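Okay, so chain A shows up in both of these, paired with chain B first and chain C after.
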Partner chain A sequence: MHRVLRDKLAIAIFVLPGLAFFVLTFVAPILLSGYYSLTDTLGPGTDVKMIGLDNYLELFHDERFWLALRNALLLGAGFVILQHPVCIAFAVLLDRIGGKAEKWFRTIFFIPCVISVVVISRMWLSLLDPTFGMFNKVLAGIGLSSWQHVWLGDPKTALGSLLGILIWAGFGWGLLFYYAGVKGIPEELYEAARLDGATGLKLHLRITVPLLSPVISVQVTLAIITALKQMETVFLTTNGGPGDSTQFLAVYLYNQAFAASRYGYANAISILFIVVCLIATYLSNQFIRDKSTEY
Partner chain B sequence: MSKLSLKTMVSALAVLMTALIVLTACGGKNDNAQESSPAASSPAASGGASASAPAENVTLRFFSNLPDRKSGQGLAEQTVIDNYVKENPNVKIEVEALAEEPFKNKLKAYMASNEPIDVTMVHFGAEVGTLVSAGWVEELNPKDYEGEQYNFLPGVFKGFTFDGKLYGLPRNSDYEVIYYNKKLFDDNGIKVPTTLEELVDAAKAFRAKNIEPLSMNGKDLWSLALLYQNIAQRISGDQASILDATAGKKKFADDPALLEAAKWMKKLADEKVFNTAYMTMDYGASQNLFTQGKAAMWYMGSWEAGMAANQQLSEEFRKNLGVIKFPTVAGGKGKDTDLLAWNGGGYALVKASQHKEEAKKFFNYLMSANQWAKVAWDTGAAVPAQKYTLTGKETEVQKQLADIQLNATSTAGMTYIDASSAAYKDATQNAIGKLVTGADSPEKFMEEMQAAADAANKK
Partner chain C sequence: MSTTRKKVLWAFFLLVAFVQLFPLIWLLNFSIVDANAFFSSKILLWPEVPKWHNYVNAWVDGKFPKYFLNSLIVTGSTIVLTVVMSISLAYAFTRMHWKWRSFFYTVILLGIMIPIHATLLPNFAIFKALGLTDSYWGLILPYTAVSVPLSTFILTGFMRSIPSAMEESAVMDGASIYRIVFQIILPLTMPAVVTVAVTTFLTCWNEFIMAATFISKDSLKTLPFSVMNFAGLYSSDYGSQFAVMVLTSVPAIVIYAMFNEKITKGVTAGAVKG
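Now for the complex of A and B:
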């Protein structure tokens, strides 16, 4: 066996299928995308004319693209700043409750993650419907009629409402990961900390959070990527509207490719999209790596 | 392990890989062969009466934007398909139907993958234009469709003709009207509007009674764009102006009516003439709001004539359904008989079809005056693009719609959003969305329209 593994040819042959798979399904599409991004084609099968870097030049002046990127980054920030601290808090609480209740709540919190995105989108559209929706009805019921609003139909509140929906929908996943992380922290550490006089919030800030840092680092990276790639819920609720106020990168890319038939331009967006995702991943890794703690 | 085993492993792996490649390739080929064999021998069956020689079985793929096969246009379409299958028992027709927006998107995906659909629904102008430039739809000979058998109205091929070549046939005469609920107007003592000013007043009165005034599928944006074109015509009295600006023959700023119409759009939105949630409502949602009696009016096209005969809607609604001509504007030059009319929907043959002969036979059958046109009119589903005869059994709505069409003093022929490229459509629709939600001022809207037209005409 050793001789087989020493043989360079053999190694190459063993690696080949995996490599071929990677090249065909990952590298080749990106290269093709790069090629199409330099053309003005309307779609596969139509005339292809090279236009150099025109698409990229246009992209840098495209307000809609930057707006979409800004919204995606806002969503990422929403995930990191709002969703994840709540997830960690709930994970700790869940761990403390124990017994049957723990199992029950664990299941309940995870429900949004098993519901289909289509159902979630439809459900929130009805809940937030300005005339017939439950949300406005409840506001009226508790005497806050003046707070009633066209939540998803007004450019001022659409983005906020949508971020709310997305943060709600992704809550279960975050909770699950942090819960698993919390479960992995040995009880002795807490006992030792208590003996040293740490209690309540301090206990968790000094023990739980630092020890969760590997999970947090993975989660933050994932959250930012998820935010950048967000597509389905936006597409099914507002489709980027009203008037671009909830435009997100992936939705904009899709609509440019298939609604506006600007296939070349959409490919330019996708190339920039990949670059942005890579930068975001790199930065979030850099930012968190040096903070990790061991026990 | 010995050297021999290395060789064995390598060769085994090589065999495995080759087998994998060969098998996948063969698999693909096999499918094609099975599918295409009937087509290869089908020319014999195309001679018309296929009763003499038992024809080979063929399954045609039909792609439609009418998912409701039990009422309206979907029923009419299905009826023609059933008629054809009854007359040609060797042919099976597989229908795939999606709602409007998913349909448009999937059609582009089919185009991209060169999917062997046989006959597909297509939208005129920019939409079919993309399919034409991808070479996905078959060219038709206009000479074949002249005369009694088809009976097309004059000028209806406009939106399906590119560089003098015809690529599809229209199925309907489309024109924008306002459907309204008579009962809601009567019960609340509100006057049916004949001018935009009255429309705003009616909207205020309905709002005061907690009834949504005008249902609008704002999420789809195109209805808003048509409304804008309609208003601009009512102000200037000129059907061609906005189309000329789109084609780059003049500037948008040259026609003051275009700016004024933009201000009107803003006003209609600000005065809450549209239903409250209109910017998140798609076609179906806006229709439901109206048909369930929760909105007093619906701005939509003549293709919704079928609502009056749709048994799934409440009888009360059907009884109270009325049609009005689009209102005029005080001081405007446009008459209420000027019609924003075009031929938008149609059918086309697909080049990738594996049963070209059979597909063409069915296509011609579908477009015959005594099939789609007759069935659609008789069932009250739509106003065809072909000559139709009044049977006397028409619904009130149909009579009103026919009346509006027959008494039209001028027609637009095209909608501006579809008169240029798909990118122009996307950009101008986005602009109208920003206009009504207040993100852009009417002046900024005009700039965006001009920029979109400039970009489209540059290429």
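Now for the complex of A and C:
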């Protein structure tokens, strides 16, 4: 339309700073990471020797790398199977309760989401502590002493416990997104379905779930990305252990870089990590596109 | 819905809320308890003499005021930079006409998908070379860079939904593009700007791993570190540790209580557009 909106100088002033930031924190590091991944350097500022693709070859045979990937997938599956159906159910119930209660409970359920990951991690370490933790005390209190356990210290229960912590911490976000989706469903559709004789669970399986499917697809994608990117909570609670039972890509690369001083190798993990995230995003986008054409 | 069913739902929600918040109630409770009492078999306990001194320890030895100020400087600067940059980008992407528009929009959005943990190692090397580690900028720059993609996405969506009639008349009147963006568009997009500001606040205020990597000077550390440092300093005094955790969480909860409607509105607007 106007000359003003084609002003090249203005466009440059609007776009270049954002782009510069993007280059500084995303493009340049990825390029540098690509370079370091071909070396055996111990850390920035130390000797650099090119070793070609050796790091990548090693990585393909590195069990811990695959284990980290498997754990991310298990965690993602845990989110999708355990957390999301509960979030959807609560979103529907929250919409039904109405009035002041709707607002109050929505606010309360979200509170864990505003608390720092450091506090959440340290708090759960204490809650699950085998000697003074509340969790085992509660189990004893309700007569389930035999269930008492070193939850984060046993390879069998560590990943499950982490999933529990993350579900607790992320429940509010999931609920909020689905709640927003439920709010977008027109009331007339429910009335029409009721006239056709659908009630209760059947009503929601026929109306709510199909109409929420765009939101569900996006949320499932996000859940998988979140699982892949998992770092801080793991780093601050189990740090990948016991054994490698809670190993995750980001934790593994961090410890390889700073604890094991294998900076070059860690950068190779970084590069594959980005590739995995982009592939996961691409695949789920394709999946969403296929799905959304059905409705 | 019948009143009985509503009452049942109420009771159910109350129960769930109680169970969900119980860990936090426990944290609050034991933050005023002497460390020795931690090993009693009681789940919650009201101490005969509440040990308020835990909070004195947290405030003084946890260096709460200093870390709080650092968090405030870093988070505040990040919010301002993020809002200015995202609104400029969103305007250029929605209203202005140029060749590479959709290409650069896609590029910026990639920033949402790329994990920050993967760029952490090389960024450390780059920031070190540029002398940015151990400075406020060493946190403000990466925090802004991480916040801009999502914020631009939210603001672009919002801007598309507002009519351009007001800008058109402003253009006719000969207003400059910068006045249009910051005097006309900014007030119109205020609801989305608040959402962006609040989400940016929550991410930066609570961020841990970049702060742990880029900052080693104690005088520049942010609030989450008060918890970490204190855990080392008072390793057996759990009561004081809990007091630090409570203190650290309070600002975020207060901000949330003030703006929680805005968060919901922002998410709702995003979800409806799909």
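We adopt the following convention: the second predicted complex is superposed on the first by the 267 of 295 C-alpha atoms of A that agree within 3 Å, B and C clash if a C-alpha of one lies under 4 Å from a C-alpha of the other, contacts with A are read in each partner's own complex, and residues count from 1 in each chain.
One rule holds for everything that comes next: a residue touches a chain if its C-beta (ideal position, glycine included) is under 8 Å from a C-beta of that chain, and two chains touch if they have at least 3 such contacts.
The model shown is predicted, which means the values in this text are computed figures rather than measured ones.
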Quick check for you: in the superposed arrangement, does A:15 touch first (chain B), second (chain C), both or neither?
second
Quick check on the superposed pair: does A:40 touch chain B, chain C, both, or neither? Answer first, second, both or neither.
first
Touched partner set for A:131, first chain B, second chain C, both or neither
both
Determine, under the contact definition given at the top, whether A:96 touches first (chain B), second (chain C), both, or neither.
second
With both complexes superposed on chain A, which partner does A:28 reach: first (chain B), second (chain C), both or neither?
second
Tell me the contact category for A:190 with respect to chain B and chain C: first, second, both or neither.
neither
Quick one: classify A:152 as touching chain B (first), chain C (second), both or neither.
first
Could you look at A:7 and tell me whether it touches chain B, chain C, both or neither (first, second, both, neither)?
both
After lining up the shared chain so the two structures overlap, which partner does A:56 touch, if you call chain B first and chain C second: first, second, both or neither?
neither
On chain A, which partner's contacts cover more residues, chain B's or chain C's?
C
For chain A, which residues lie in the overlap of the chain B contacts and the chain C contacts?
1, 4, 7, 10, 13-14, 17, 44-45, 131
Touching residues on chain B, where the partner in the complex is chain A:
1, 3, 5-6, 9-10, 13, 17, 104-105, 108-109, 111-114, 126, 130, 133-136, 212, 218-219, 221, 275-280, 294, 421-423, 425-427, 430, 433-440, 459
Under the touch definition given earlier, write down the residues of chain C that touch chain A in their complex.
1, 6, 9-10, 12-13, 16-17, 20-24, 26-27, 38-39, 41-43, 85-86, 88-89, 91-92, 95-98, 104, 107-108, 110-111, 113-115, 117-126, 128-129, 141-142, 144-146, 148-149, 152, 168, 171, 176-178, 180-181, 202, 205-206, 208-209, 223-225, 227-228, 231, 238, 241-242, 245, 248-249, 252-253, 255-257, 260, 263-264, 267-268, 270-272, 274
Spell out the residues on chain A that touch chain C in their complex, using ranges where they run on.
1-2, 4-8, 10-11, 13-15, 17-19, 21-22, 24-26, 28-30, 32-33, 36, 44-45, 90, 93-94, 96-98, 101, 105-119, 122-124, 126-127, 131-132, 134, 137-138, 140-141, 168, 171, 176-177, 179-181, 183-184, 214-215, 218, 225, 228-229, 231-232, 235-236, 249-250, 253-254, 257, 263, 266-267, 270-271, 273-274, 277-278, 281
Per the touch rule, the chain A residues reaching chain B in their complex are 1, 3-4, 7, 9-10, 13-14, 17, 40, 42-47, 64, 125, 129-131, 150, 152-155, 237-239, 241-245, 255-256, 258-262
